[in-house]
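In what follows, subunit A forms one complex with subunit B and a second complex with subunit C.
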Partner chain A sequence: MSIQVQHITKQFGDFAALDGINLEIPTGELVALLGPSGSGKTTLLRIIAGLETADGGNILFHGSDATTQSVRERNIGFVFQHYALFRHMTVFENIAFGLRVRPRKLRPPKQEIADRVHELLRLVQLEGLAKRYPAQLSGGQRQRVALARALAVEPTVLLLDEPFGALDAQVRVELRRWLRRLHDELKITGVFVTHDQEEALEVADRVVVMNRGRIEQVGTPTEVYDQPASPFVYNFLGNVNLFHGRVHDGKIEIDSAAHAGVTVGDRDTAATVGYVRAHDLDVDRVAKDVSSMAAVVRHIHAVGSSVRIDLTLQVSNEPAEAQISRERHEELSLSVGEQVFVTPRRVKFFGDYQI
Partner chain B sequence: MKWSFKQHSVIPGFSLALGFTVLYLSLVVLIPLSTIFIKTAGLSWVQFWETISSPRVLASFRLSFGASFIAALVNTLFGLLVAWVLVRYRFPGKGLVDALVDLPFALPTAVGGIALTTIYAENGLLGSLLARVGIKAAFTPLGIVIALTFIGLPFVVRTVQPVLQELDAEMEEASACLGATRLQTFCRVILPTLLPALLTGFALAFARALGEYGSVVFISGNMPMKTEILPLMIMTKLEQFDFAGATAIAVVMLVASFVFLLLINLLQWWSARREA
Partner chain C sequence: MIPSELKIDRNPDGALLLSLAGEWKLGSAIPSPDSALAGPAAGEKAQRLAFATDKLEGWDSGLLIFLAKLFAICRRDGVIVDQSGLPAGVRKLMELASPENQRTGITHGGERPPFLVRVADAAFAQVKGFKEVLAFIGEVTLAFFKMLRGKADFRRLDLIVTIQETGAQALPIVTLISLLVGMILAFVASIQLKMFGAQIYVADVVGIGMVRVMGAIMTGIIMSGRTGAAFAAQLGTMQVNEEIDALETLGLSPVEFLVLPRMLALMMMMPLLCVYSDLMGVLGGMIVGVGMLDIGVMEYVQESRSALNLTHFLVGLFHCFVFGVLVAIFGCLRGIQCERSASAVGYAATSAVVTGIVSIVVATAIITLSCQVLGI
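For the complex of A and B:
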């Protein structure tokens, strides 16, 4: 079922948590709401669920207005960051809850409920734990119970609020890949909130980047990573270098190196900021072209699949970070304190922007 | 490995602290209570049985246990309501209301008794209103229930309040998301979580009501066979220099208190085991 968010606003006192949000989530897609804390992503999710009411705007489920519907009527599955399992019920009772509270006419018979619960336990790979209490489970297991409980009522939409936020790193990676596979299997429309860019880029079909109650960009993971629409998105997704430069004779100058072919209008000597991803910065012993900048190696982190090099630009004294392959690192065999030249392969300029 | 009472600790003094604790508890609790049993032992079984099964004593047993039970039940219901209001809502004067709950604790019970008697007497503020609809409060079992409700209120509120405070609001939201009505959420999610605290509060209020003397003797009127509570029976026996008779009743009350303590502990053990 598709979800349409139209002009949603929400105010907490003087603070605008959501400022005119428009968003369309097509049927069957898994969408990530990504942003720093305070960006309004959780508020938006809770408004879609009906746990929070918006000050203005509409929520449409499959084209029909659901704005005034209560949580109960919306038939959504909601997974909370801290699981929110019923502590006094066993895993079985937790999952069966949604079916057991149905009005008598719609309530499935006992055997059917038991079958459904066991089928869900198989789906979340927790067979044999039906009689345990939530306190006797690990964090990852609890979150899977929470997911099974949400799925038990056959919701039309699955909403997850930082579903992996309370888990440790290894379980988190495991569980998010599992969620992706589960989604491919069930094909249910899903929205999840996260502040972890890696999680959003890996799991979601589409990423909605939010900042200060507004949507900065909507796109596939590749789109938002490769073509960020704003400095904020650039900053939030992945390691990025900020080079402060000025516009001179219609050309941009950073650290007295010219960046040919890039012009930003006629505002002479206007300040500008160039954004370069760490892996888009080449490191050489000699200057490659006019856009090369002299820098000094400060530190080398040679752990992992690539090598990270901390540098300081010589003219402006600005810090920079380059990421090169292990092979390239062996070829160069750099040492700390050495002078090198860095050349950006791809630069994106935005006007004078302060984060 | 050598087994030892002593555990390594950065703060020394295990032997001294334990020794003092045992001595202190013996002097203050164990020795005085054991004399009750010793004194009662002066009676033969037949005498003991005759004392506690005389009609007047039996009537006060019924009254004390009955009134305490009703008062504890009323307190459980309204204590839950008070705790709910104090935890869930914000309103002006909340701090004052919160402090008022403790008043029955702090007030000398005799003061409470006199105040309640004045108000509930037939010419009193509330008593005259009740009299108009034909209900007599002071000097009847109803008056005793009122006094016992008054002194037992803080127990339920103060045991339920912290549990209610820690109750995960997300659990209620999860329940609503799963299609439960408000009543279903309350009955199936909130109430079971509060149940151990409610039962503990009930048992505490009941135990306290059973032993209450000061606030009741004024409002009860102390009519034989009608409004004599157990502690009063003990007083009466003592005034007649029937020490053995007084301790016989005391033994029964003591055993009842022990049973309640045991019940409370069982409850806490049971709820801790489920949520640990």
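For the complex of A and C:
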């Protein structure tokens, strides 16, 4: 089922939590709402669910207006950040709950409920734990029970509020890959909220980057990472270097190195900021071309799959960060304090706004 | 202690040079910032300010306060301050304290809004609170009628557990309080009645007092503190854990599922507790009457029987039934209104007790007045 969000606004006192949000979520896609805290992503999710009412705008489920429908009528599955399992019920009862409380006419027979619960327990890989209480489970297991409970009522839309936020790093990585596989299996329209860019880029079909109650960019993970629409998106996704420069004679100068062929506006000597990802910055002993900048190595972090090098540009004293492969690092064998040249492979310029 | 000294010179380029010497500490006689800026040649305004601190022996917050005031004046007058002459530690601290480094949106204590604004805010909050109470009562009423038609969703187990918690488990405390209230009533009455030699009427005072109103009020207040607070805490915790939201997403109405069984339990148990409380109160009165006023047991019982009638008893029961509804409604309402933090649960419980007791007293006044007017 597709979801359409049309011009949704929400105020909390003087604070605009959502400022005219328009969004379309196609059937069967898993969409991530990504943003820093206070960007309005959870509020948007709760409005889609019907747990919160918007001040203005409409929510359409499969083309029909659901704005005035209550949560109960929307037939959604909701997974909460802190699981919200019923503590006095076993895992089995928690999952079966949504089915058992249905009016008699709609309620499936007992055997069918039991079958479905066991099917779901298999799906979330918790067979054999049906008789445990939530307090006897680990965080990751609880979250999977919460997911099974949400899926038990066969929702048309699955909404997840920071589903992995309360878990430790390792379980989080494991569980998000599992969620992706589960989604591929079930093909249910899903929306999840996260502030973890890695999680959003890895799990979602489509990422919605939000900031201060507005949508900054919507796109596939590759699109938002490779073609950020705004400085905010650039900053929020991945490690990025900011180089302050000026436009001079139609060329941009950063740290006295010229970047030809790029023009920002038509005003000369306008301030501009170049955005370069850490892994788009080449490090060499000699200057490669006119865009190379002299820098001094400050620190080398050689842990993990790639090597991170902290540098200081020589002319402007701005800090920079480069990420190079281990092979390249061995080839160069840099040491702290050495002078090198950094050359950006890809730069994107935005006007000089403060972020 | 070396006294703090301030020397003011004028550099050749027109800048004012402040040379600090000695100890600049709290308690030492630090010159005022205004005098520092006045300069050697009064009337001539300096455009720049520089420092020399070679002879500074020691410093603490005293120096920082002096500098903060000085810098504030400089900012106001547009004087440029060259801080390079100051010790590095002082520079760092002044940097931290500079207005550019203060986070916005954080109020330090905040200013008190004017009186009328506060009155209006309080009034609006009252109106809003009253509307919420009305809306909640409406929802509960609708749920109640739905239950009468046999369509409300709640688990019978929840009802039974709540009946046990609010009924049988409340007996010990109701016993203690009612017995003591009965005794107190007897003591107070006996002091006056003894003067006329009419001790026997202690039985009338205690009997009518307890059965008609005191038994009900005492039960109501006990239940408000015991059960109302518990309801608010239970539902508040569920609200904090998002369990109430979870119920709604699973297609259940929290009012039907959580509030209805609690209200039903109290509606059934409160009148029963009231009867028990009446009995205990009369027993308390009898202990005092027989033990201290030399009234015979049979005599006391006989006097009580002749004083009491069914009307007194039913009025008492009606009181308690109303209190049961009030305690349940306010307990559950405060729980559902609970915000999403742990401290909010405590606040919800406190608020449930306060609202419960206030509503009980108000309801008593209304019922008593109505009975007077109707002649019951």
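Basically, the second predicted complex is superposed on the first by the 355 of 355 C-alpha atoms of A that agree within 3 Å, B and C clash if a C-alpha of one lies under 4 Å from a C-alpha of the other, contacts with A are read in each partner's own complex, and residues count from 1 in each chain.
FYI, contacts are C-beta pairs under 8 Å (C-beta built on N, C-alpha and C of every residue); 3 or more make two chains touch, one makes a residue touch a chain.
Computed from a prediction, not measured in an experiment: that's the story for all the values here.
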item	value
Fit or clash - subunit C, subunit B, common subunit A	clash
Which superposed partner A:287 touches (first subunit B, second subunit C, both, neither)	neither
Touched partner set for A:166, first subunit B, second subunit C, both or neither	neither
Touched partner set for A:98, first subunit B, second subunit C, both or neither	both
Partner chain(s) touched by A:133 [first = subunit B, second = subunit C, both, neither]	first
Partner chain in contact with A:16 - subunit B first, subunit C second, else both or neither	neither
Offending stretch of subunit B which, after superposing on A, collides with subunit C (from 7-15, 25-33, 205-213 or 241-249)	205-213
Subunit A positions touched by subunit B in one structure and by subunit C in the second	49, 51, 70-72, 75-78, 80, 82, 84-86, 97-98, 101-102, 149-150, 153
Residues on subunit A engaged by subunit B in the complex (per definition of touch)	49, 51, 70-72, 75-78, 80, 82, 84-88, 97-98, 101-102, 133, 135, 146, 149-150, 152-153
Residue numbers on subunit A that touch subunit C, as the complex places them	49, 51, 70-72, 75-78, 80-82, 84-86, 97-98, 101-103, 149-150, 153
Subunit A-touching residues of subunit C, taken from the complex the two chains share	151, 153, 241-243, 245-246, 248-253, 257
Footprint of subunit A on subunit B - complex, ascending	168, 170-171, 173-181, 184, 188-189, 192-193, 274-276
